[in-house]
Amino acid sequence: MSKNSARRRSATALALAPILALLAGCSMGSSGSSNSTDGNGGSAGGAQQTLTIDSPDYPSTLDPGLQYDGSTYPVYRNIYDQLLRRDPDSLEPVAWIATSWEQSSPTTWQFKLRDDVKFSDGSALTARDAAFSLNRILDKDLGSPQFANFSAVKQASAPEDHLLVVETKAPSATLLSYLTTLSIVSETYAKKVGKAGLNEKPMGSGAYTLESTRAGSEVTLARRDTYWGKKPSISKVIFRAVPNLATRVADLQSGRAQLVTTLAADQANQLKSSTANKVLAVPTERVAYLGLNVLGNTPTKDLKVRQAVAAAINYESLIKNLVGGYAKPVGAVLTPLAFGYPGKAANFAYDPAKAKALLAETGNPNPVLNFPASPAYNAQLLQAIQSDLEAVGFKVNITNTDQATYLKKVQSPAHDWGSIRFGRWSCSCLDADGVIYPLFHTGTVWSSYSNKDFDKAVEAGRTNIDPAVRKDAYNTAFSILNRDLPGIGLYQESAIYGASKDLQWKPDAVESLYVDEMTLGGKG
Amino acid sequence: MPEQAEGVVADGRSAGEAREEVLRVEGLSVAFGRASERVALHDVSLSLRAGEVVALVGESGCGKSLTALSVMGLLPPEAHVLAGSITVCGKEIIGTPERLLRRYRGSAMGMIFQDAMVALNPLQAVGRQIDEALRIHTNLGRGQRRDKVIALLDAVGVPDPTNRLRQLPHQFSGGLRQRIMIAMALIGEPRLIIADEPTTALDVTIQAQILEVLKDVTQARGTAVLFITHDMGVVAEVADRVVVMYGGHVIESADVVETFSTPAHPYTDALLHSVPRTDSVRGVDLPAIPGSVPAPGAAPAGCPFHPRCSDATQECLTMPPLEQVLPDHDVACWHPHTSGRSR
Amino acid sequence: MTSSTLSPVLLEAQDVRKVYRIRTPEGHRDLVAVNGLTLALRRGETYGLVGESGCGKSTVAKMLLNLEQPTSGEVTLDGRVITSLRGKEMREVRKDIQVIFQDPFAALNGRMSVFDLVAEPLRVHRSAQGKKLREEVLDLLDLVGLTEEMADRYPRQLSGGQRQRIAIARAIALRPSVIICDEPVSALDVSVQAQILNLMNRLQRELNLTYLFISHDLTLVRYMCERTSVMYLGDIVEDGTTAELFDNPRHPYTQVLLSASPVPIPQSQRPARVKPRGEIPSPLARPSGCPFRTRCPLAQQICAEEVPQLRTITPGHRAACHFAETADVRKLA
Amino acid sequence: MSMLRRAFASGSARYIAGRVGQAALQLFGVVTIVFVVLRLSGDPARLLVPQQATAEDIARIRTQLGLDASIWEQYLQYLSKLPRFDFGYSYVQGRSAVDLISERLPYTINLALAALLLSMLVGIPVGMASAYFRRRFLGRALMPFVLIGQSMPAFWLGLLLILFFSVRLRWLPSTGFDGLTSLILPAITLASLSMATLARITRSSFLEQLNADYVRTARSRGAGTARVLMGHVLRNSAIPIVTLLGLEIAALLGGAVITETIFAWPGIGQLTVQAIQARDFPVVQAIVIFVAIIYIGVNLLTDMLYAVIDPRVRLAGSGEQV
Amino acid sequence: MNTGTGPRKRLHATSPQTGDLPVQAADGVEPTMGSVSLESSPAVPAGDAVTMPRGRRFWNKMRASRRVWGFVAILLVFLCFALVPALFSTAEPLRADLPGRLLRPGTTSAGVTHWLGTDQLGRDVWSRIVYGSRASLTIAFAAVFCAGIIGSTLGVAAGTLRGWVGAVIMRIADMVLSVPFFLLAILTVVVLGPSLVNVVLCLALVRWPRYTRVAYGQTLEAQGREFVRSAVAVGSPPLWVIRKHIIPEVIPAIIVVATLELGLMVLYEASLSFIGLGVQPPAPSWGSMLSDGQQYIGTAWWLATFPGLALFLLVLSVNMLGDFVRDQLDPSERALRS
């Protein structure tokens, strides 16, 4: 149906809704074709296996040029092929559509692409498509949120059918990392259907194609028989948005879903004793941290106060009790998975006596810390931190606002948001640059810290491609950070999944959720 | 009852003494409250013969409506019968199960209520409401019932009955509504009609019309009417016999002419004289009855009228029995006025 | 009796008219509640206004009290036009013109004690306070025949007659010169009515009150009033001294009304009644010509065509009928 | 049917036109207030960009969304598009706000009607029974029973139902939409609150009518309990019940946020919360308009229903007397 | 005049019918004063329902109803919790004890017996319920109070002023009613910032139109009452009429609505907590306990069940009392219709 008429029709429907509601019966339709959701992919082998995956949100778009949040990416990356993938174990970028690559200059990269890849409409995937996909994100008119990931790129081009050339503005050490997130769309198709069409009817070269969607709640993908790679064992996969955690667990327990994402530790532990289900967990590059306001007019301006905060927190207890062991201690605001991780720093150790002493030294043993938060963060964790801090004499006021207000507040250039905040950071790049640059570099939206030496070090890390030089730069940067404590690393988060015991799958650190790597059916 | 020899009485008045007794109330006492703490009817007795109109007279709270509701078996849940018997066409009402009573209501006895505006279901077409008694009590077909309803509406003077059947009560004027009430009470051809202040809410010009219709249709059918009112003018208009109640007691019962000419009970007498008459003189005080009517179930011991009675003596602190003072004229008073009022 | 005809006019209504705009399914329609009424009350008299329900007599009361604004015409009290008065000015005037409503159950706020009810007019006009207020209230209660101990009771504890006494005490609290009595006894038990009428008459003598006595009950009006107007469908159809009006009614409606009124005389001992035809028409659909013609036993062609004017038949006796001189419906009975 | 026709008769047309005019004004007010307050309350651009985005990235998105214009310009631009039913495109999903709403409408309607039906099927009989048997044990025991529903938060009740019927018994699906069975649990959850309110309204309305004079009249004709209740009282006590049902249906169609969240039901309620949290202005505004239209429409419908139930209630004003 | 026989002692010294002479009172008859004859007040046994003032009748009914006292007792207990929580709690409600988290009801840890178990941070559930009653009751009563005051004031104003002022008030009320609750709630919390006070304000802002509609209807009805006209006729100024006559008519219906709303407010606070905008942690409220506990419904049932039970008892008591009050004050129950 044509976009326009569809809109007009639904507009009329909207205007008449109250009447329609009563007159028209009310069948719940799904756009595209209707499907019967056979939730039980259960038993063995066969060609027809359906997998149902519950995650908290509905993908905000199926256009890979736009959003790439945790609910969106896992869906469309099964429809599209990426230029590169990561090795599930080493997490290094490895060949996928690009079979090999080389740097012809510090700012020019050349990628050789596969020549046997076809989009699901039958057309061949060429370097032009890849270049288009990248340039599209860089096109300011698209307004892609991914722009920031590729902002180092100057332009991409396709001098040959299967040769992709990417030029960066300056040498970029993280380019390959980011290119693992680049999904390749068909230039012809994208130009034909436009932005909206790409969202509603995505067409890629991946292992699955879109079968149907259902009003903000379900996306069904079907296996492509003409896929160039290994034929996936699961024939159909349904991504469902189930916002409530307890409901997701119930879905798994009742056999409604075979894989549920984003579990919390307590709920995961509940599944451990189950005979039908299991917990899949993997440490991610996501680091949980506390941001401390160094610039604003708050007690945390005082280094001693910041040190007291760092000493007041019982890291082990948080990890053991609240994150249920599904986390690992960190020594900085970075995970060991990322390049530039400096190792364990002495500062981050639970020592309440020291904290009290430090506070006593400041002359105010009971400083008041304002702790802005949003419902997006685990409330019990915040309360545990609050409790730890209050145990050494702080008075901590947690103030929840919704995420939009929260962001506006903590990103205010006036640095008047409060004293401490909790955050979870990942950059999909496995590199210190993606974490400490935006968090602590002078003038970035998140930073309430300013240190010229630190700025110099992270800038060096960003513009050099020599790993040794970079490693040095980050060592310097982290030593400054660990001294000044504008942030405190709490732990490395794990991605926790609940899965039916029938599901064979090894989750990876970047939470990619490739369905083609999963199989259903008894062991073996 | 001893003398119910006759079958159907075709003609009302001429049948005279031998007319069938339609209603007999004997020693009826009714009380309110869980412990019967408020006795609202004391030993009420009265009887009605076919074709007769008996006016039950009294002011608010004297028990006249309660008597009527007892006859219909429609006492409110907080009231109950202490003693006595009520027979309608020879059938006992007191103690009869609700299921059986339902069969009598609307067929053996019908009731006309005071305010037709609220006594009619405001949301049901009047035809349907009139028809309901037929639907309940007869096996007549739809058409037959409709014909009956139309004929009756015509008889009570509702113009264009065929079309107005479908209308709702609010679409009728007060007078027409009361005519509809009458038709509704009469449709089941009951032997007894209880009319509870059927014209109180109406204007005098309309009242005259309604009283006439009521008399006409009941006389034609030989229906006995227990006519409840507080208006002595209306009593004079309709009644054959008058039963006066006060404070839950029957205090006087007599022929209509005698009631007005020689009221024996001081209350009846005072009631007749406290109303301005054509010969009342402006500026000269009316002979008012002091005090006020006792609340239902709260009449003083003894003669309920004694606190307001100019003739009251110590004796009046016990209740006088209802005794015959003249032929066919009963009164419950220790000091009845037997020869009319002196003033 | 004749003294009142000599005393000056106190309350006067001049051609007051009240038309309500009513929305009906067929659009806006005019409901003529009062159709140009002229009335003059002389100081010290009791003036009767008789009519059946819907004839507009209560609307007249409300307009005289300035509780409703007339569509046209004006009301003067002691020579002062009060129709246009508002707010404070009108509240001052209210001291002088008071009202007794029909239903003492509805007209007294059940949440207030008798004392507060009687004290209310004194309080709002700040005419007495504290001990003086209490004395005055007790005086008023005494004046209407109630005891001091009644002061602490609530209306629901009182009988209808007692309630109406309280309403009267409220009305006389500010020593008004005129009291509009809108059906003052029709909600009361018959045996109590006489007490209230006697009280009203006594108060009139003692306080030199002027009454407008509105009623549907002819016998009451006949007993209470010196002069009387008869209303039908928003019009005055006949007025005059009460004696003349009742002894020699000239309008067929008055005659019918008199004839139809029930009197406590057994049917067999009084003349036959004249019953009007049909029912009172809706004020939304006033008949053309004479408003009574649809029910009048004597109606002629002319009655539909011409509106009969209120004209003097004998001095002090006016009627609005084309055949006022000869009409006598009683002959038809 | 004839009554229906009469209720909608010519005189009503003007009344309805007047009401629609008023409603339009009201709608305009709501839209304006929401428009202004929304824009003062948060920045959608910050929510759209990834964490590592720079201030320039955010500014770029703001320009892209037209949020850098003055609020007046934005407002005028928004208004100018409204007559064409152009409510704009979702910032988050890029799809037209109208599409997003209409896609979810059937789910919302289904759930709302199911819940309404359920609460009527339980609430009205319970209310009737507790009024009729008010002096007996049954009448007294029924109300606390329905009150349990009224005092349970939806998320608690919903999860209990899922745990019991889906996880333990495996009788009913926990989430999803497999026809009627999927509807049962969310409908019960949603109905629990309105059920109790409805029962109470029915009870009080019935109590009032049971004491009415016409009931005695009907009994004086020999009508029995069933006839009195169903033939007379029910219709006469319907108006407050219909009023409440109107409010309930408006509220339900406006979205049952928590029930929808628990059962992953893709209705308007979930969309509302998502859109507000993401400051997806076009969608929020479209929802506001949509809900207000429903509210106004249901109000109007309720008014018309009054006229059907009680012909004395004329849409156009006072009734006539013949 | 009297034809009876024997000597008679007159009950009345003179004939009361003459009216102008004082009447001697007999036993049980009111003595009269003044010159006008007087009806005796009806001799009604003391304690009779019909003649007692409303207030006393209410208390008598209440005293008679054992059920009602049960509900009053529940409310009183909650009130005591809220006023002096320290007397009833067995542990510090805010202190987290991570090793002792999610303990089953009845478990003893570190010398403290957790009768209702501990929550996900190891805090004592019973103590949190006790302390939580403070926030929950404050929110419920304060929100109802604020919304009731604002709403009824506006309703009475709209009803007395009518005209365009009334129309504007009522249209605004309609406007507020037609905005989804969550939108309004979130926007309010966003604009004001989350705090106990602001939750109250937010709920008041969302709920006032309910009272407005009821107050408006009652005011219109009261204005049609004859005693209001009577008050105007004696010259009462408008504010006097409103204060003395209209407001007392409006209040019973408002009380009825308020009792219905009270329970709802606790639920609403729970809903706000569910999306994180309710009472701020770590302060306990039943609503936040419920919403925090819901995730644990499959593993630690006691987290949500006990605050839920407390909420149920509160809602039940308030509702049953509300029903009782309504049955006594407002049998016609217009109150619920808007």
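The letters A, B, C, D and E name the chains in turn, as written, and every chain counts its residues from 1.
We take it that contacts are C-beta pairs under 8 Å (C-beta built on N, C-alpha and C of every residue); 3 or more make two chains touch, one makes a residue touch a chain.
If you're wondering where the values come from, they're calculated on a predicted model, not measured in any experiment.
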item: If a chain touches chain A and chain D alike, it appears here; value: E
item: Taking each chain's C-alpha mean as its centre, the one farthest from chain E; value: A
item: Chain pair with the greatest number of C-beta contact pairs; value: A-D
item: Centre-to-centre distance between chain E and chain D (centres being mean Cα positions), rounded to whole Å; value: 26
item: Separation of chain C from chain E, taking each centre as the mean of its C-alpha atoms, in whole Å; value: 44
item: Chain centre separation (chain A, chain B; CA means) in Å; value: 88
item: Computed distance of Cα centres, chain C from chain B, in Å; value: 32
item: Two or more partner chains touched - positions in chain E; value: 19, 37-39, 41-42, 50-51, 186, 190, 275, 294, 297-298
item: Numbers and ranges of chain C residues touching at least 2 other chains; value: 159, 161-162, 192, 195, 198, 202
item: For chain A, residues that touch 2 or more chains besides their own; value: 244, 246, 250, 253, 402, 404-405
item: Of all residues in chain C, those that touch chain B in their complex; value: 1, 52-53, 159-162, 189-195, 197-198, 201-202, 216, 218-220, 222-226, 242, 246, 256-257, 260-270, 273, 275-276, 279-280, 295
item: Chain D to chain B touching residues, read off their complex; value: 135, 212-214, 216-224, 227, 231-232, 235-236, 309-312, 319-322
item: Interface residues, chain D side, partner chain E - complex; value: 22, 25-26, 29-30, 33-34, 37-38, 40-42, 140, 143-144, 147-148, 150-156, 159-160, 163, 167, 193, 197, 200-201, 204-205, 207-208, 239-240, 243-244, 250, 254-255, 257-258, 269, 272-273, 276-277, 284, 287-288, 291-292, 295-296, 299
item: Complex contact set, residues of chain A against chain D; value: 6-8, 10-15, 17-22, 26-29, 31, 36-37, 39, 54, 57-58, 60-61, 63, 66-69, 140-141, 143, 145-149, 151, 195-196, 199-200, 214-218, 240-244, 246-247, 250-251, 253-256, 402-405, 407-408, 411, 425-427, 434, 437-438, 443-446
item: Chain B to chain C touching residues, read off their complex; value: 59-60, 173-176, 203-209, 212, 230-238, 256-257, 260, 267, 270-272, 274-278, 280, 282-283, 285-290, 292-293, 308
